[in-house]
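Can you read through this structure? Questions will come right after.
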Amino acid sequence: MKLTADAKGVFPIAPTPFFDDGAVDRASIDRMMDFYQSCGATGLTVLGQLGEAPKLDFTESLEIASQVIGKAGGMPIVVGVSAPGFASMRSLTRAVMDLGAAGVMIAPPNTLRTDDQIVTYYHQAVDAIGDDVPFVLQDYPLTFSVQMAPSVIRRIVTDLASCVMLKHEDWPGLEKISALRRFEAEGAMRHISILCGNNGLFLDYEMARGADGANTGYCFPDMLCDFVKWMGEGKTEAAHDLFDAHLPLLRYEQQPGVGLAVRKYVMMRRGILSSAAQRRPGGALTPAAKAEVDHLLTRLGKHDPRAKNLV
Amino acid sequence: MKLTADAKGVFPIAPTPFFDDGAVDRASIDRMMDFYQSCGATGLTVLGQLGEAPKLDFTESLEIASQVIGKAGGMPIVVGVSAPGFASMRSLTRAVMDLGAAGVMIAPPNTLRTDDQIVTYYHQAVDAIGDDVPFVLQDYPLTFSVQMAPSVIRRIVTDLASCVMLKHEDWPGLEKISALRRFEAEGAMRHISILCGNNGLFLDYEMARGADGANTGYCFPDMLCDFVKWMGEGKTEAAHDLFDAHLPLLRYEQQPGVGLAVRKYVMMRRGILSSAAQRRPGGALTPAAKAEVDHLLTRLGKHDPRAKNLV
Amino acid sequence: MKLTADAKGVFPIAPTPFFDDGAVDRASIDRMMDFYQSCGATGLTVLGQLGEAPKLDFTESLEIASQVIGKAGGMPIVVGVSAPGFASMRSLTRAVMDLGAAGVMIAPPNTLRTDDQIVTYYHQAVDAIGDDVPFVLQDYPLTFSVQMAPSVIRRIVTDLASCVMLKHEDWPGLEKISALRRFEAEGAMRHISILCGNNGLFLDYEMARGADGANTGYCFPDMLCDFVKWMGEGKTEAAHDLFDAHLPLLRYEQQPGVGLAVRKYVMMRRGILSSAAQRRPGGALTPAAKAEVDHLLTRLGKHDPRAKNLV
Amino acid sequence: MKLTADAKGVFPIAPTPFFDDGAVDRASIDRMMDFYQSCGATGLTVLGQLGEAPKLDFTESLEIASQVIGKAGGMPIVVGVSAPGFASMRSLTRAVMDLGAAGVMIAPPNTLRTDDQIVTYYHQAVDAIGDDVPFVLQDYPLTFSVQMAPSVIRRIVTDLASCVMLKHEDWPGLEKISALRRFEAEGAMRHISILCGNNGLFLDYEMARGADGANTGYCFPDMLCDFVKWMGEGKTEAAHDLFDAHLPLLRYEQQPGVGLAVRKYVMMRRGILSSAAQRRPGGALTPAAKAEVDHLLTRLGKHDPRAKNLV
């Protein structure tokens, strides 16, 4: 089952669980996979930037992808294959597709500047991985320093049939979704799936702009799933109420650099991960930060029972 | 009355009101000044980055500063004097101090990289403006691409007695406040005022880390004033409730690029500005964005009556 | 006399002469103007980045432009008007055009990334200064961090009739000249003048690629004039011999940051400037660096008598 | 034999030879190794940025390192191990040290800004690779966007005993060498080897500032060896004459992006490589560029017979 342009719903970005000594924690991966399925996730992305992919060597990457795919239970699994060179990107892509991945995600290298450079890069990436592999275009200027105008995304989508999804995390980004959907409405671009990242910080308005859901790692993916579902069912204000209750924590987790430490800490308190450890370089939460997250969870617990009675 | 290291409370960042044709709207400046005083603001900053300072020529800058200082009603007025060169910085500083400004704010040019380059720049700036002029150090890496480690801020504070305040808008930034206050507690740095920017996105936890208040332009400065006051009075949970009610709008306004359009639009709807116009280059809100802001205000109105019955 | 797309030859970039105390040295400006005319310069650019324009306030900028234009002796004078905002850009442009400038030069702000952002910026700049003012497009990615693809330059040239010249200083840049001249040959772009900057580091091959000459500040503009003239006369190898004799010094002067100190030092030793002083921030040459420049001049003197018997 | 702080002379940066189809050309590696030894190189660096290291997968990297080490003939071999994460860096380091490498070279990731961030990164890198592995600190701001003040290099050298060499390619960089050697003279920093990169563009003055030689890939490493040797023997002006004769070509090859195409093309014309091919992304020389390089070689041939009679 390969990823298609019809993908919808929530594809969580899975963190990579580690023990305190830095070894991969395979039991936590199993628990995490059960958890994502119980949330109502419609797919899953592994080995992304916040999956600490660059901190894994090739063998570890394959083992994690293999375990996740084995536990997918029907969810399409997207694997991050961004790499400094096309040889590594191809090796990893070929290996994970053989294992049963549904597609791959490719972020642009931070040296790209002009429109042509960006389009050319994706042409070369597709030449490297093969045009039979569906890929997700990651548009995340804050982290990658690459700015893709809507017209550039259109060129990539038009030129490369294997581009089936946009991981949208430009900031600000609402108008970009509108622009892309306008292209489609005008017949100027074929349809692709747009799932939103950026920890979901603007998901409350991105859906109405035309997004198909979320593709991000917020520590309550079950909330993201509810939100997307309720918006689809027309329960707009209830969905906003739920989202707003989570926003203080969600915003705290969205901080660059420390966000992953927050995410892992909450996932540990929720009983999913056995440790909040990151591989180096990676920040641990200070006692003050932990107290802030605990305070945020306590306040959230008044609105969402899933934030109560954590370990 | 000059700015000192004891400054506390809320110093709003004032926008510059324009008519639709780009001319400065002096009547709106008067209304805005009355409004800030009615909010309980303890000071005010004009001609900052989001005051569209770079879009004004020298004469206009002076006229605006003069009008604001004339209507200050006892509030200390800080004037942004960041400039591509020291000659312009000195000219503007000297002129506004003569008009009665309490101090100036200086952002680093985006070419600075190493610790020494940053410290040297502020030495030269003080040489240019004179060491009798109190200045605010603006630490805003997202916009200026200059990263100041806590130890660099300490060097600037230690070397330059006229540095009395930090406009703190690093992101993430909570640990930086703690680090600076720890320096003070250890006797390793003299006390300075720390007021927080970044549209107040983390003000709810910055106060407890040791910040003295806010120095930012969120369209409900009255909320910021209440929040800071209540935190000072120990009404912590009530303060958080108020903050959280505003967070969806506050986060929306914090978006780079479009944020100022949101701010001016809401200040127009609140009856403070006669127009939401910006000088070019500057974005106007699309109809979709206006509808989103209206929706955010409607939802906010359920918790804060100040968001109701807007024009 | 306004600048046109037929400009050819050498437009030196004039430094701004200062006394050691930072005051503008008007007598050196006069000497410098006489010198440029004696070199065979066909035009002149003032108030560029290396003219220390950002270190001048508005009044000083006008006085310098006025003096230079008064001493132009028939040379078209281009004035750098790059500014952080359009109000200042318009004020300076209008003032210098009234004084008799032939055109203005506009560099892009370093926040521009996408093709559309760059093109839009120049549209807005022309709206600000008026479409009756000929302008030079400065393409200098190393300093401004803005990368303009050839197709972007073509869009600007096509959209904006007042764009008459490219100050070409991309690096590497030879293929860009070829690409632009190919557009012209194919009828896909109207002709513009291309003068090369970057201290002339690749002028030896830029001419054959289609450049019309140089627009840079190397301390021997007389060499640049000879080189361009000889290439035009078919004395190719003699021209290369002359260029190569200068290359060790030229490359040394091309260093970012310290280059201007080298340039002013040599122009002082050539009797043109009374001082090598720069306004702050600006580096002075260390004794070791001075000795290196002296050594370079001594070696150059064996091939070019103009480098001999300096003061 | 491990790399020490006493390293001197010329350590060429070896390109990775490919066939036109992108496969590694092992016969050219053997020829290249013979050539470097015949030049008088005192060491060699492989798998650097311009060795196209990011375009190789792990297996290929090891095979190339193994072949080079096997043909080293007594030269210490430094292997570039820069990687987006420490797991890959450690894996490659351990493998090449087992194969007999003399040390490794580590470039900073382009996200580092403050002094502390840079120092911390190298601490973590040494934790990852082991403090028994000598490493070369690569200081190349133009490519990596990381600026290391001399005091930062001193902190790294002082904290980390396994830092034995600086690959110096800051630009401008002469004063940095002087600053570091001054630290040593004052007893404020232990001695390390400083070998210069940046294609040797300032090697003519770097030696006198205190550099120990070159660590760069210019297509005439035999010239670099002669230059360093002659400077050591006091044949200063002859050394400069030789250097200046090469400077036009050397400067042409130093262009970012296209430089490697020039280098490989000349090495092919010298009979060392069988093809000038690069893996993608990588530029090929246009016919115009080839003609320029041929012209530069012809002119060089008048001064240096090694540039004559090429294939």
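Before moving on, here are some points about what is shown:
Residue numbering begins at 1 within each chain, and the chains themselves are lettered A, B, C and D in the order written.
Throughout what follows, a residue touches a chain if its C-beta (ideal position, glycine included) is under 8 Å from a C-beta of that chain, and two chains touch if they have at least 3 such contacts.
Note that this is a predicted model, so its numbers are computed, not measured.
Identification of common neighbours of chain B and chain C yields A, D. The chains that touch chain A as well as chain C are B, D. Shared numbers divided by all numbers used gives the overlap of an interface; between chain B and chain D this overlap exceeds half, so the copies present the same residues. Ranking every chain by how far its Cα centroid lies from the centroid of chain D, the top place goes to B. Averaged C-alpha coordinates give centres for chain A and chain B that are 34 Å from one another.
Between chain B and chain D, the centres computed from C-alpha atoms are 48 Å apart.
Separating the centre of chain A from that of chain D, both taken as means of CA atoms, is a distance of 38 Å.
Within chain A, not a single residue touches two or more of the remaining chains. Within the complex, the chain C residues that touch chain B are 52-58, 60, 83-88, 91, 110, 120-121, 124, 127-128, 279-281.
In the complex of the two chains, the chain C residues touching chain A come out as 113-117, 147-149, 151-152.
Across the interface of their complex, chain A is touched by residues 171-172, 174-175, 178, 201-202, 204-205, 209, 240, 244, 247-248, 251-252, 255-258, 286, 288-289, 292, 299 of chain B.
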